[in-house]
Amino acid sequence: MTEQKPLVLFHPAPKRLERVFDADTWQLFQEEFEVVSFEKNPDEKLFDQLLPNAFAIVGQPDLPTERLRAATKLKALMNVEGGFFQNVDYPTAFQQGVRVLGCGPAYAEAVAEISLGFALDLARGISREDRAFRKGTEVYLGKTDDAVLLKHSTVGFIGFGNIGRALHRLLAPFRVEIRAFDPWLPDATLEENGIIPATLEETLKSSQFVFVLATATQGSRHLLSKRELSLLPDGARLMVVSRASVVDFDALMNQVEDGRIMASIDVWPTEPVPVDHRARNLEGLVLSPHRAGGIPQAYLSIGKMVLDDLRLIRRGLPPVRMQIAAPEIVGEYQNMPAKLVAR
Amino acid sequence: MTEQKPLVLFHPAPKRLERVFDADTWQLFQEEFEVVSFEKNPDEKLFDQLLPNAFAIVGQPDLPTERLRAATKLKALMNVEGGFFQNVDYPTAFQQGVRVLGCGPAYAEAVAEISLGFALDLARGISREDRAFRKGTEVYLGKTDDAVLLKHSTVGFIGFGNIGRALHRLLAPFRVEIRAFDPWLPDATLEENGIIPATLEETLKSSQFVFVLATATQGSRHLLSKRELSLLPDGARLMVVSRASVVDFDALMNQVEDGRIMASIDVWPTEPVPVDHRARNLEGLVLSPHRAGGIPQAYLSIGKMVLDDLRLIRRGLPPVRMQIAAPEIVGEYQNMPAKLVAR
Amino acid sequence: MTEQKPLVLFHPAPKRLERVFDADTWQLFQEEFEVVSFEKNPDEKLFDQLLPNAFAIVGQPDLPTERLRAATKLKALMNVEGGFFQNVDYPTAFQQGVRVLGCGPAYAEAVAEISLGFALDLARGISREDRAFRKGTEVYLGKTDDAVLLKHSTVGFIGFGNIGRALHRLLAPFRVEIRAFDPWLPDATLEENGIIPATLEETLKSSQFVFVLATATQGSRHLLSKRELSLLPDGARLMVVSRASVVDFDALMNQVEDGRIMASIDVWPTEPVPVDHRARNLEGLVLSPHRAGGIPQAYLSIGKMVLDDLRLIRRGLPPVRMQIAAPEIVGEYQNMPAKLVAR
Amino acid sequence: MTEQKPLVLFHPAPKRLERVFDADTWQLFQEEFEVVSFEKNPDEKLFDQLLPNAFAIVGQPDLPTERLRAATKLKALMNVEGGFFQNVDYPTAFQQGVRVLGCGPAYAEAVAEISLGFALDLARGISREDRAFRKGTEVYLGKTDDAVLLKHSTVGFIGFGNIGRALHRLLAPFRVEIRAFDPWLPDATLEENGIIPATLEETLKSSQFVFVLATATQGSRHLLSKRELSLLPDGARLMVVSRASVVDFDALMNQVEDGRIMASIDVWPTEPVPVDHRARNLEGLVLSPHRAGGIPQAYLSIGKMVLDDLRLIRRGLPPVRMQIAAPEIVGEYQNMPAKLVAR
């Protein structure tokens, strides 16, 4: 007699199946697990009916207390969007021993690479000179007075999580001096990575390149307001790649308009950005419409992570590929499923 | 009695003093050496008169046989432009034990960094999406179908010299598989660096990202013509950063126009590029007006390299910072002083 | 009114206070927490009396179900010995939301460094030639026929946990080809680290240097028995640094005695090793009396990790320095508190 | 008509053919070049007779002025022992455009690896505890009070040449702070490598691990005498791996005997070391009989380097694998062919 396949409820909205699973992985997933998909038909009644036998939920449908109480066999809740939403009774989930998993790590490399690309663009004026070239106003062998090397420069990290770690690895050959401000980490964790722990103020004051990598929480709203931005050295380059809410955009626009600093921006307070937003005309900006993390390789790695971790959990082993939610802070994230590519 | 200061003839044209020496280095240079400058007044007669006592020449004025024969105390000829020009009787210089030195290494980091910047731009469409954003046609959380990671990709180097080595270091954290074609190097030299030695064809066929880093010699002209470019895999990214003559530009434009490959171009067959050149309108290009190496930090490092090496030579030690010309090939370079920032 | 200091029960046996806390850290610990020490006076009655108000327990005293049920305010159980002992009702601890933390990471660097030292010793015969020198039988400029480079060699990891990761970092500059066998990890986790996932057999057959880093569980007992050891290539070097039970020692001694392989051994089936054990006379061995992890810097980092994580937990944040026990496997470890330096 | 094969005179003494060429390389060498061997029959007359047509000499036989004058077609003189001997009229060789090449780089990796092995041995007492174990006096889980991590420690380099560079790469993951004293190098060269340039005194005073890598010249004799050694911090580890003459051995023995510092020694003032030398009984030493560089892989790489460079030179290209002698200092080396493994 063969072992019964564990039941997995697949409810990926707002993600679509094809985004997160390639054909091969999806097939393996179905061979090894009894997958019931609610992707196209989010039948709540059927969901509730199957829940008591569910081994795992892939996606993050609403899971209030009573639903979780019914899910007595549930081992894993696997978000395939990014961070964690506030539609789950997390304390109950943890009490029942459910592994709550996020797919943030899937995006870390993609965000780290484009962040380095933004920094090198701002260091050297790559997109600015490309625009000039297309207008016919390019200058040969010149116009490099504000060009700088990343090598041996000073770098600041606002937040040192998944993305920070991936970016830190990419920066190693540049022999930069890195300061990081991360109130969730003790100094020793940064020091072990060769990073100087610093206050927000020190980080901003001492860094020619600053990467904004902080998660959106209540505490991080407008962490970089006018006062903080004015601490940046002249000619600093600011890469805004995590959450728009961390930065006071009016203050940022003012500083860039004045030519005091340069910035790349991938996340915006309102998306789409108004047609007449002044950002669209500022030479000191690199503009990017929320596309740092969401590339095909990143999305498709989510399905592989889900399958790998489900296999481990089934064998009585801990998951290792997805991000394990920390009970202490999972309730803090201000993510909204509809809009974001969580990181 | 103090030792007499060695005589140095300073003849930096077409470079200007302020470009290559910062104030402090220039002052030290003058304190330690008897510097006679021909920068603003290229008085040939005075030059010839001082030559017999010259310890070093900084710059690369014409040095035919007879002039070199007169320069019996000459220890070093230090090019401060980039490569080596064909206005010197090199065999005689070497026979007389003159160190012939170039400043190519000064630019290597700057070129390597912008080359990585170009690659990341093409990998993710950074400048293309910036342009769309400024036109108001940006797409949020999407339009990333052609976006790829550099990490774990395949990379090809056409040429593995100063720039290749600097770039190779920057690529280390991306764990890419690198092939290199360099007919001047034995396989073992590449293998020691963890690079797969390959023919030109193999390198092109097997690499998603190809960096053109070859020096301009007779042998390298149109090394990448139509046939070779067609070997590149679909969606390949080509970074042209050394010499335009290495690539057949018509063939390159055709392939980019067809959307088969993408490219960044920093060096052009004729500069300035004609106003109506089709390159200016191709979305698959990143356009750069010959500015990969010439940034202030690179230029100002030249003076420091000159001073460091002169100090060593004066102490009877070999120079270590500038590039030591190889007698075997110094006559091959097709550099022209007026236009280029040699790499 | 000042906030009350959280109550911490300090019960470090078999570790002593001075081993794990330096004076400064101990003072800070006492300033910030209400520390009651049971180190010298393990008063069970007092312990039970204080337990209902305890915020954390540092050490790992017996915690059966009833004791845990009484510890309603307990947030953390922090083992300061190494791994996790089987004297705690772990399911109840997890259900109550207690963080169960181990200090394994404290030893990882120390074990990784000595493991590399063992490998280089065996590669070059360092301790063997030192012994010969002391006997007066040294040979100059010779006797290196069995000496090999670690660089570009093949390496196998049996287990890829904390130590494996630390060792993997140290091996990076040697450009070795690494295979790893770890049944607890999916292939992708190894591949992301540039490691080739392999079966135990493939790992042994293909590796000149093999590091035994597996944890002791029922499944890992005599993982390397006669058959497996005979798969190692001639002249292989085996570094036994995690648990003796993983290796069949008789079979290992036989192979080393035959001169087929060499080995370094830090952990032994019975300690002390019998005086007449043949290992003491084998030239192909490097002998080490269970001292890979336990060095002062490692021990004293434990106190710092405890303090850092307690501070985070007090602030409502997740711990980041100690190892977070996985509910799935915490019951599997076959560690015994009295003897081991857990890794 | 086929091109004539260039004539190579093979005169490797004191090295033997089988040491430096494996069978395959030797065969290729003979296929591509007309090799006349003087290994077993050093027929001086034949040598003189062939010299005028010689393209290269592999080995370093006596080459006084008159011999060199006769060697009008000579392109390369390739030492296969290590450094450069003083039996050649170097100025004339350089004037005639002969490439003078050494095989020092062949040994760099081997010396770097064993140097790191020595450092880790001294850091942790690997060979000392192995000796105790064999005597039956081992202590389990203890006796580690003087054990230290290499990670995050301070390191000093006395000399930064081929070996220093190879070792520097191996040390990268240990995140050590490195100071180097090298009077032949400007500060910038060290700084570019992330090393702090320092005086000899500063280097000694500030470094827990000191690697002696300096070449033997008149200037370096007893560079580390009593005064300098006493600057080392208590508990410092000194790795003597280049030339014995750099260190005052009496002073070194005294310091080790006092237990103030520890040392590994691979090179000795007189070899063999007297039977009753006190070094043989000092617990604080790791003893090695001049075997850091000379391992089979290093020796056999010499033949490959010779062949690779001869091929390049034949094609009119500069050699890239062997060390190019600097005219300024080639006359300074105090190497003697009979004894040394040059580095």
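The chains carry the letters A, B, C and D, assigned in the order they are written, with residues numbered from 1 in each.
FYI, a contact is a pair of C-beta atoms (placed from the backbone, for glycine too) under 8 Å apart; a residue touches a chain by one contact, two chains touch by 3 or more.
All values derive from a computational prediction rather than experimental measurement.
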Least step count from subunit A to subunit D, where 1 means the two chains touch: 2
Of A-B and B-D, pair with higher C-beta contact tally: A-B
For subunit B paired with subunit C, centre-to-centre distance based on mean C-alpha positions, whole Å: 50
Chain centre separation (subunit A, subunit B; CA means) in Å: 37
Between subunit D and subunit B, distance of the C-alpha-averaged centres to the nearest whole Å: 33
Touching two or more other chains - residues of subunit D: none
Overall pattern in which the protein chains touch one another (line/ring/star/complete/other): ring
All pairs of touching chains, each written as two labels joined by a dash: A-B, A-C, B-D, C-D
List of subunit B residues in touch with subunit A within their complex: 109-110, 113-114, 116-118, 120-121, 123-124, 126-127, 129-134, 136, 138-145, 147-151, 169-170, 172-174, 271-273, 275, 280-281, 286-291, 294-298, 339-341
Subunit C partner contacts - residues on subunit A that touch it in the complex: 91, 94-95, 97, 184-186, 188-189, 304-305, 308-309, 311-313, 316-318, 320-321, 326-329
